[in-house]
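There are two complexes below, and they share subunit A, which is joined by subunit B in the first and by subunit C in the second.
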Partner chain A sequence: MTIRVGSWSVRLAPRALITGAALLVLACAVSVAALATGEYTVPVPDIVAAVLGQGPPVAELIVGKLRAPRVVTGLLVGAAFGLSGAIFQSLTRNPLGSPDFIGFTAGASTGGIIAVVAGGSAMTIAGGALAGCVVTAVLVYALAYRGGVQGYRLVLVGIGANALLLAVNSYLLTRANINDAATAGAWLTGSLSGRGWDHALPVALALAVLLPMCAYVSRPMRMIEMGDDAAKAMGIKVEAVRAVAIAAGVLLSGVATAAAGPVIFVALAAPQLARRLTRSPGVTMGASALTGAVLLTAADLAAQRLLAPTQLPVGVLTAAIGGTYLVLLLRKERH
Partner chain B sequence: MAAAPAKGSPLMASRLSGTSLTLAYDQRVVATDLNVSIPDESFTVIIGPNACGKSTLLRALARMLKPKTGAVHLDGSVITSLPSKEVARRLGLLPQSSIVPDGITVADLVARGRYPHQRLMRQWSKADEKAVAEAMRATDVTELGDRIVDELSGGQRQRVWLAMALAQETPILLLDEPTTFLDISHQIEVLDLCADLHETGRTMVAVLHDLNQACRYATHLIVMRGGAIVAEGEPGDVVTPELVRQVFELRCEIIQDPQTGTPLIVPEARRRVTAPA
Partner chain C sequence: MRPAEETAVPVAGTGEEAGAARDPGRRGRPAVLATGLVVGMAVLALVAMASVALGARGVSFGTVIDAFLAPDGSNDHTVIRELRVPRTLLGIGVGATLGLAGALMQSLTRNPLADPGLLGVNEGAALGVTLALGLFGLSDPAVYVWFAFGGAALTSVAVYALASSGRSGSSPVRLTLAGVAFGMVCTAIASAILRMDAQTFDRMRFWLTGSLAGQTADTLVRLAPFMAAGLVLGLMLARPLNTLALGDDAGKALGVGVNRTRILTGVAVTLLCGAATAAAGPLWFVGLIVPHAVRAVVGPDQRWVLPYSALAAPVLLLAADVAGRLIARPGEVQVGIVWAVIGAPIFIMLARRRRVAAL
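Let's turn to the complex of A and B:
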């Protein structure tokens, strides 16, 4: 579908638009359900009033202080993981090229655990996670670099780094005292419980900066999926685009992990689901972000309600769903 | 080509040329002090044994590979000093192998050839539409438009890639082994298409493996061996049994192509089979 105004023209894929709208509606529905239900049920009109700051005090407390930050953090973290996964899967042309497989999330965990053991506050842990992610990414990039970075090298080096870092993480946990180990263990599963606005804000800021960057490189990235030479022949500055994309992807998975811990499988599954939903070839940034947001908030809602009053960390659910999905995906790829 | 000024010299008027090129991957040097110029509006064919550096030379001419020394010039400017998208509107390259994105349709892949002509707010102009339709018609893939590229035969896929390169509408087009994977009739079809494009004024450069096809279609032949250009010029002037033996280590006889009068290489038979009377 093409829209032309004078010499301007924009090309739109109807199916992608409809999928995007449907995902948006779904995200709203899950959010409202998460805001309304729980130990106290808040009626939908009260939610609206509370969001506008005119609700009953109880509703304002529950929605504004407890549930809304958690839902918003979930949406933002899910979107960030989805985008980050889309970027790396596109760069490596491989579903297994997502940040949870090529060491970035594991590196963030290492940073987080070190911060826990050092007795850090929630903010220090977040900082440790972000730093761990960036340091790992720089090392993996440097090790994979050979006058440019090829996708398969990034995956191979990343998988190596991942294995190494997981070993380091286990070692750190065995050396930690029992309390630290418990704190770190809880954080390592990935959780949205007790997340406040101070968790949501950094992710929101990161997305505000990185989302336009992602939109800018998404078209050239799709061309790079055809191979470096084919993309260069079309006038794309392959290394520059790749550097921008990697920076954005690393920061996104870094801030997301900092906010919610290393929630696995969202980055892997969201872009794959988004691609199948939109049926568009190659990376689909917007749809991946939306799918990630829906996946994580839905998983978190299920984690809270499924075995209520027992609360599961969301990471347990995304791992269970994601694991099942991965097996199905791999079964299908075998033809 | 006897009348042409000093062949391969940078002074020769030519839109695309390389001077004193050293081409290397990391430490592996493929070519040293290579001078090449592509005659304007020629159909230049590059031949040479496997791994002699044909693709490397083509990649250097299309700025995919940065020369260690020397420079490639396009329209008088060092090619890397020109905006990359601007170069992509003048010079196209069909790489020896590209990756088909998962689930892409033929029409979508061909449309990607329009990238250098597009901007954020001009994503699909009438000219884009026309160029894509034209390219698909020329390569005979119009009927395949809605098919998934992954599911096509090797030959069909090759024609789709060619369509993408054509849609780019560049006056200079470099093709790395465009006939590989094609059966003989599609090989001839692609070469005829290249000849047609050449006749409409485009400069065509192709790497080919079949010497007889090279002789038939080339207006300018570049013969390479071991990273160096050992001969160039009109096929009729260049191709001799001596050259073929030197370059390809093949003893042969050369006769006239009964169709075109160009050289036809007939390899010497190792065992003579007496034909039944």
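Let's turn to the complex of A and C:
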């Protein structure tokens, strides 16, 4: 199915559209469940009223001040991780290519820990995480650059950087005083608890800018998946597209980590789940973002309710998801 | 890519090279290499002395010797006999096992980037140990080492299967990514388990980054038989691995049981990595860099690569441990961190330089 407006055309696959709509509905359902349940149950009509600003005061307080920021942050962070994962899996042509493994998330953690140790506020920690992620990405890109960046070299250099940064992180944690170490440790597991609107806003802005950018480069990236030479022959500026894509992916994982801490494995699992759901030949940006949003909010809901009243950090749940995903990948690809 | 780089195949090497030791023109080589092993042992003894003498509290070599010949129960003598000596011996054991394990893995997978830590085997073993200590409350090293073996065996099989699935088959990059992915899942689950119990977390925090500190002589005694078994089995595999380097078919034609060699190597790697991780936590890069350096000196013949790796790794591991003790006096930096800081740049260099197979 193709839509044309003048010289512009967009190709749409019906199955992808239906899957996208279904994911959207699912995301809404999970969000409503997260808004409604908890220690104090808010009936669904009250939620709608509270969102519109006309609900009972208790519902407005609980939904508007406590639960909604957390749910919205979860949706946005999940979408950002999903999108970033889609970019790196396409670039590395590997279902395991994920910002979690090639140092970017670890770099963000380093920045975050340094900010914690320096005694920073929540905003400083977020800034530190973003800076750490970007600095790591620039270094990895520069080290992997030899007349162009090959996907595999980016992965290997990134894995080296990841190992180095994980060691630096544990060094910083052992040097820090016990209070800082506990704060940093809690942030490092990845958690959505206590997130306010000021956490959600930067991610929303980043998505608003970067989502169109990703949509723009997604076609040429599909070509690059077929090989640099083939893409060049079709008139694609391979290095330029790759640089833009890497920049977008790094910024997305940076702001997402800044907001929620290094929640690993969402970026790994979301694009492949989305690919299977849409039955598309490669990774798809929009569906990956939606899947990431659903995955993270569902994982956060489960983390809150599974062992209630004990609250698990969402990172523990996503690690379990990551493990399950790897085993599924193992089974699927064997046949 | 320049031709010079294409010929620089880093792994086990070709058959001609493997036979070079028997080449008439290089008849003197085995004698030289054997002498090298003896020199290596002398260096190891020196580093071990340094490891016993140096630390947060420096001790003179004279006092070290007195501590063995005429222990007088003084503070220095107690530190040496009860802390430094077990730690040094543990370092030698862990270094030898990881060095040999790395060499075996690189030879078996024909992958220049294989390393027990990088491929997730050590993390799998660490998860096993964490389960045993954190959930089941087992505290005897000779018991929980079996959990380490289980974790190591499961992850190596899973990583290898994941990397060789799909149409393109196993490549160094696929194998490394699969290993890192599995390793991170194992580490995430292990730290989640540890976080549930503050006491265990505090005790195992340093172990989880890789550290030789805090283990008693008892741990060493309980783990030594497993390390020794792994070392003996691993060293015995040199000849069949040399033949397998020619390719599976050539190996079969020359009378080597291909599957038998693979399984035995897997068993050896599991024993070595499991015991090393139970002792010192998941260490990265020891098994990657040492065999690389060794091959550059002795060539691709596994009969020399394996023993040299097992000898050179403890030298470097102890040196790193001593460095970690000296740079942060009166505290110390865990040896796992020191190794990562040294090892990661070397890994990046290898990844940049070598023409490892594309994805």
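Please note the rule applied: the second predicted complex is superposed on the first by the 320 of 335 C-alpha atoms of A that agree within 3 Å, B and C clash if a C-alpha of one lies under 4 Å from a C-alpha of the other, contacts with A are read in each partner's own complex, and residues count from 1 in each chain.
What we mean here is this: a residue touches a chain if its C-beta (ideal position, glycine included) is under 8 Å from a C-beta of that chain, and two chains touch if they have at least 3 such contacts.
No experiment lies behind these values; they were computed from the predicted model shown.
Participant: Between subunit B (first) and subunit C (second), which, if any, makes contact with A:309: first, second, both or neither?
Facilitator: In the superposition, A:309 contacts neither subunit B nor subunit C.
Participant: Under the stated touch criterion, which partner chain does A:14 make contact with: subunit B (first), subunit C (second), both, or neither?
Facilitator: Once the two structures are laid over each other on A, A:14 reaches no partner at all.
Participant: Answer with first, second, both or neither: which of subunit B and subunit C does A:93 touch in the superposed model?
Facilitator: A:93 contacts both subunit B and subunit C.
Participant: Check the residue A:146 against both partner chains and state whether it touches subunit B (first), subunit C (second), both, or neither.
Facilitator: After superposition on chain A, A:146 lies in contact with both partners, subunit B and subunit C.
Participant: Tell me which of subunit B and subunit C touches more residues of subunit A.
Facilitator: C
Participant: So, does A:161 touch the first partner subunit B, the second partner subunit C, both, or neither?
Facilitator: second
Participant: By the touch definition at the top of the document, which applies to A:53: first (subunit B), second (subunit C), both, or neither?
Facilitator: Touch status of A:53: no partner.
Participant: Mind sorting out which residues of subunit A both subunit B and subunit C touch, each in its own complex?
Facilitator: Subunit A residues touching both partners: 93, 146.
Participant: Any idea which subunit A residues touch subunit C in the complex?
Facilitator: 92-94, 96-98, 100-101, 143-144, 146, 150-153, 155-157, 159-164, 166-168, 170-171, 174, 185, 189, 264-265, 268, 315-316, 319-320, 322-323, 326-327, 329-330, 333-334
Participant: In their complex, what parts of subunit C are in touch with subunit A?
Facilitator: 113, 117-118, 158, 161-162, 165-166, 173-174, 176-178, 180-182, 184-185, 188-189, 191-192, 195, 205-206, 209, 284-285, 333-334, 336-337, 339-341, 343-345, 347-348, 351-352, 356-359
Participant: Can you list the residues on subunit A that touch subunit B in the complex?
Facilitator: Touching subunit B from subunit A are residues 2, 4, 7-11, 93, 146-147, 219, 222-223, 225-230, 232-237, 275, 279-282.
Participant: If we count contacts the way the header does, which residues on subunit B are in touch with subunit A in the complex?
Facilitator: Spelled out, the residues of subunit B in touch with subunit A are 26, 59, 62-64, 83-89, 92-95, 97-105, 108, 112-113, 115-116, 121-125, 165, 168.
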